Amino acid sequence: MNNIAFNVALPLLTAFLLPIISSGSKSATRFVGPFVLLAMLWFALAYFNVLQHPVAIALGGFLPPLGISFHLDNLSLLMAALIPLMMLLLWPYNNREGFREESLLLLLAGAASGLALSGDLFNIYVFYELLSVASFGLAAANRTAAAFAATFRYVIISGLGTVLALTGIALIYTQTGTLNLAHIGLLASQLNNPVGLSAFALIVIGIGVKAEIFPVNGWVPEVYSTASPRISALLAGLISKLAVLVIIRLLVVAYQGSQALTLLLVLGMLGIIWGELSAWHSKDLKRMFSFSSIGQLGMVLVAFSIPGDAGMAAGIAMMLHHLVVKPGMFLLTENWNGPIKKLKGAATSSPLAAFLFMLFALSMIGVPPLPGFWAKLLLVTGLVEANAPLYIIALVVLLTATVIEAHYLMSTALKIFSRGKKKHFKKLLQTPFNLTIATIFGAVLLAALFTLTPLGNKLNQIATESSDRSLYIKTTLSLKLPPQVKQQVSKVQ
Amino acid sequence: MLNRLNLHHHLFLFSTMLLLWVLLTGSIAVDELIAGVIVAAVVSLISAPYITIFDGIRYSPMALISVFTYLGYFFIALIRANFDMARRVLSPSLPISPELLEVETHLESKLGQMLLANSITLTPGTLSVELRHNRILVHWIAAPEEGVSLEQATKDIATGFEKHISGFLK
Amino acid sequence: MTTNLIHWLLYGGAMGLIVIGIVGVVTLTNIFRIILALVIAEAGANLLLVIAGYRFDAIAPILTGQALSAMPTTQIMVDPVPQAMVLTSIVIGVGVQALALALVLKVYKNYQTLDLREIHHRMLADIDHSSGVISLLSEEQPKGERPLPEPETKNVLNSGGEK
Amino acid sequence: MTFNLLELLAAGFIGAALLLGLIRLIIGPDAPDRVISADTMSVTVTAGLTVFAAYFNSALFLDVALVYGAISFIGLIAIARVIEGSNS
Amino acid sequence: MRLIADILLLLGAIFCFLGALGLIRMPDIYNRIQAGTKAATLGSIAIMLGIGMLYPEWWSKLLCIIGFLLFTSPVSSSVLARAVYLSGIKPWSKPKQPLKNSAGEKS
Amino acid sequence: MRNISALVFASGLAFLLLVITWQFILGGAPMLIGEAILQQAAEELGAANLVTSVVLGYRGIDTLGEIAILFTASTATSLVLSSIAEKTSAKSKPGLRDDGTILASSASLFFPLLMTIGLYIILHGHLTPGGGFQGGVILAAAFFLPLLAVPGRGVNHSGLALVEGFAGASFIVIGIIALFQGKAFLQPLFGHGEMGSLLSAGSLPLLYIAVGLKVGAELSGLLANLAEPSGNGDETLSATESASTEQTSMQAEKTKS
């Protein structure tokens, strides 16, 4: 029953052994990784099928809050299943150089799984750091001068975030004396003071480095335009969502007050404004997508700042939508990375890619039948129902951002579909491998279009479950408590 | 011949490490001793190829005695050095006339030269700066005003230690 | 009273280290010094974490001597959890710093400067160049002839960032 | 154990030695001066840790002293090598 | 017994203090190394011997630390002195004296 | 402009942190789980060092993450530095003078000493303040000292990779064995033993040996990697470096001319 721990242990084990394996046989290196990812997918899906209600697992047999526990509900298992899936899609099958990149990717997978499952604040921090360091290595893997410089800035900004997050964790520990998220939730009243709230702000900004939150996203355009598109797709698509997941867990469990929501709302709005305006100005596809990714994550944050189930549902919908669309878009930039005005005639050289671009762009803008529209609709109705001055401002910002988004995406699409000179065509041809993967993302998007009703139902179920604070606390702390803690817990209550 | 030397070498390393382990743990319980034997064996096996420094050791009872006379001589020198330094530091006029000069040594083994250099560092008013071939560059805090020759400096600074060290090292 | 004063001083000191470090990271331009500032900030955060478990007049959470047999011990001990966390976060910090230093080596090798602004400019120019966008910078200084600064930073440690 | 007057005096001298070392560490003027003051301080701290061990009546500090001595030695050698390479 | 231990402790502490004082008073880096190393080493050894008398059950570990210190301390000061010498810093000498020619050369 | 905004940000942060400090409930943290762990850790795990019980027992998976981070950092560092490391490992470092005899001899004397001390610290991690990380650092120092003394000395990278791979793997494998015995992942095995003796605290010492070897190998690898190509500020290397892309090689040629 306990084998979800394999989702963390297995990729780490393989990554540790990969240098030894690769010195034995080079070919084994290439297929060990995907095999492990398949196993992880299987473990996650096996749980997903049997899970009726949330479950907590005590690692090492030490009951929470003393030990570390994994919290398994639909949301975390969904993420745990998406991680190997995305990794399998974006795995460097054609890499012949060595084992290091594969090793880093496996470490990333393990860290991401841990981050999705963990129910302990400091454990989350550890996995977050593992995620960071692995992504540093991947971002620098291109080994160009610009990649090194960009990664250096990424490391520094991340390091700053680390310090802030660690400070926040230390503050929470001084206030509550515990690290388990559920236990913190139980003691949430002690965090409803300036110290507790600033701890939340510090953690949001610290973890927000990966989630591309407004003040700490200076690294985004640089890293995404110097790293290879697959890595950008992974970072923008998957990793940022995991950071967001951590923030909403903390929000749901420990910070029910309105100040925390306001903080998220303001940060989200600033992110939308900055991201979309910069995307509007950018002259090449990679940076345009990077900035629009910042804007999209701002929207996700705004969605989560809406109190109640509605916000949760909208946020998860936006997250999943972005998770499918953005990697597909990044994969298209491999050979379309010139300035946008040189993209003339791209549609003639590879029509499928042009079609995919159109599909992704329309869904991102939110043109009616496409999934992006439904996600945005959820968000807009949520904002309208919240009915507070700040939320109305957010609505205005959101709609304006959509217009801007439509403008730059559609003018790019016009360039792509307009007629160009013949000699460019070869350069603009997409590599079949990336195109295949992008097509898969497009197919997923279209498939979602035809299964809207069951998806919506599942979404609502997930949202209700994961926005239920008392359920989360009960799940973790209903394991048999050690007597001392039980006494303290009852004292606090 | 080489093998024999190697065996000596290994045994010396092993017993030194075991002694260090026993001193560190401060107990001779069975489990600690077993762990110590394992650790000492592993360490001496790993480090033996890299360490050529124990070549010049004389393995004889006389050597053991001269180790102790050396230690006694050394500690006396160390204490004298400190009172000397205390006198210099505390006297208001700061009576120093520092000088860099060389001394010569007849010790051949690296370990012996190193011990000599270290001893010079810890004795009255001298500090070994550089050791190369068989010369030691010494900073002397109270060199005579009129300058000294190599032989004189060697006699003043190094000979005493050298006599004792050569008892157990080549 | 003294206990409170000590607590306040400890927290204040830790916060002060964090602030010094972060101000350094944000304002300095020499990339080597930025790393050092980051180290200071991390030290501050670790200190904050470890004094979260501090108690006045308590001993280290290790059982020795008579305490081994008489359990649970009567002596006051400090909180072991923050100590374990600090161990973890120090090791994490070391890893990140080593990686950052490796990147500094490579960046310095490629751009021959330690000034972050300069590096940032060149990096943006490189990105523009590789994506074919002609930026302002590379118009002023035609491709391939970006002048290198004087190699005055011969010694990374001593010369610092006075530029 | 509780310290008597002589022992307290000794502790005071150790503290004063550290203070003087700190002064040299701050005023410099060069890197080597700072390094040697750090070295002297580390030796003093090693001794101070054993005094700590006596004060707290706990042998654990001796391990700490040993490790501290080893690490500071390595650190000093590394810095010395940097100084050596720097001005050549 | 305790009195002897205390005297050793005090003596060691005073030597440590004198070493630090030498660090402040000496005119150049070579002399500072001399003052610092010797005094601090003997001072520390005396302190540890004193502690060893107070707590006889600790002597083995204290012996380890003393031995370690006796090896590391001169080595580190020699290495530092060599680094200083190689980086080109000449030793200070009394201003009125003429410079001796044998000083800087090495074989 | 950038400086001003940075200053504003920094002063805002400083103000925030000072306010936090001021707001603190004086007298320290409530220490809920800390107290509970102090009460029951000794019985539950049998380790005299309660911090070890936390590090390897209650928060064992943190430690797994931590050694994974070190491994990741070392992998990423070697990925970043790999293009030069292969070229210059045979040559001696250009900047440093040749080794001094004092340092070289003492380095080879200290190598076994430090290794024994490191192993002592690792093996007594459940009894004394030491442990895998502290001992691992000393092991790394033991390997680093000869490197400092004789800069040109090559490091056996494949041996280090072997040690770090197997050490890290054995940590996880010990965890998985518990899983196969029907316990939870990373649950301590083998009973408690007699409190305070070397053979106590079940599988914790084994875990600490794995951690210690892993940390030692990682840090040695990291230090060796950083020491090898640095060239001590002497940047002749970048001219000969075969850069991975057209761009950097172009730049390198500029440097040369």
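Going in written order, the chains are labelled A, B, C, D, E and F, and every chain counts its residues from 1.
Rule of thumb we're sticking to: a residue touches a chain if its C-beta (ideal position, glycine included) is under 8 Å from a C-beta of that chain, and two chains touch if they have at least 3 such contacts.
Note that the coordinates shown come from a computational prediction; the quantities given were computed from them, not determined experimentally.
Taken together, subunit B and subunit F share the touching chains E.
Note on connectivity: the fewest chain-to-chain touch steps from subunit D to subunit E number 1. Chains that count as touching both subunit A and subunit D, per the definition above, are C, F. Looking at C-F and B-E, the interface holding more C-beta pairs in contact is that of C-F. Using the mean of the Cα atoms as each chain's centre, the chain most removed from subunit B is A. Chain geometry summary: the mean Cα position of subunit C and that of subunit E are 33 Å apart. Averaging C-alpha coordinates per chain places the centre of subunit C 24 Å away from that of subunit D.
Here the spacing of subunit B and subunit C, counted between their Cα centres, is 40 Å. Among the residues of subunit D, those in touch with two or more other chains are 59-60, 63, 66, 70, 77, 81, 84, 86-88. Counting only residues that touch two or more partner chains, subunit F has 9, 17, 20, 24, 28-29, 31, 33-35, 37, 39, 58-59, 62, 65-66, 69, 72-73, 76, 80, 97, 100, 102-103, 106, 109, 113, 117, 124, 128-129, 233, 243, 247-248, 251. Subunit A has residues 122, 126, 129, 133, 136-137, 140, 144-146, 148, 151, 167, 171, 173-174, 179 in contact with two or more other chains. Contacting chain pairs in the structure are A-C, A-F, B-E, B-F, C-D, C-F, D-E, D-F, E-F.
By the touch rule above, subunit F contacts subunit D in their complex via residues 95-97, 103, 114, 117, 121, 124, 128-130, 134, 137-138, 141, 144-145, 148, 232-233. On the side of subunit B, the complex with subunit F involves touching residues 13, 16-17, 20-21, 24-25, 29, 31-32, 35, 39-40, 42-44, 46-47, 50-53, 110-111, 113-114, 117-118, 128, 130-132.
Of all residues in subunit D, only 1, 4, 6-7, 9-14, 16-21, 23-24, 30, 32-33, 35-37, 39-41, 43-44, 46-47, 50-51, 53-54, 59, 62-63, 65-66, 69-70, 73, 76-77, 80-81, 83-84, 86-88 touch subunit E in the complex they form.
Looking at the complex, you find that subunit F touches subunit B at residues 100-102, 104-106, 108-109, 111-113, 115-117, 119-120, 123-124, 146, 197-199. Chain contact summary for the complex, subunit A toward subunit C: residues 122, 125-126, 129, 132-133, 136-137, 140, 144-146, 148-153, 155-156, 158-160, 162-164, 166-167, 169-171, 173-174, 179, 222, 225-226, 283-284, 286-287, 337-339, 342.
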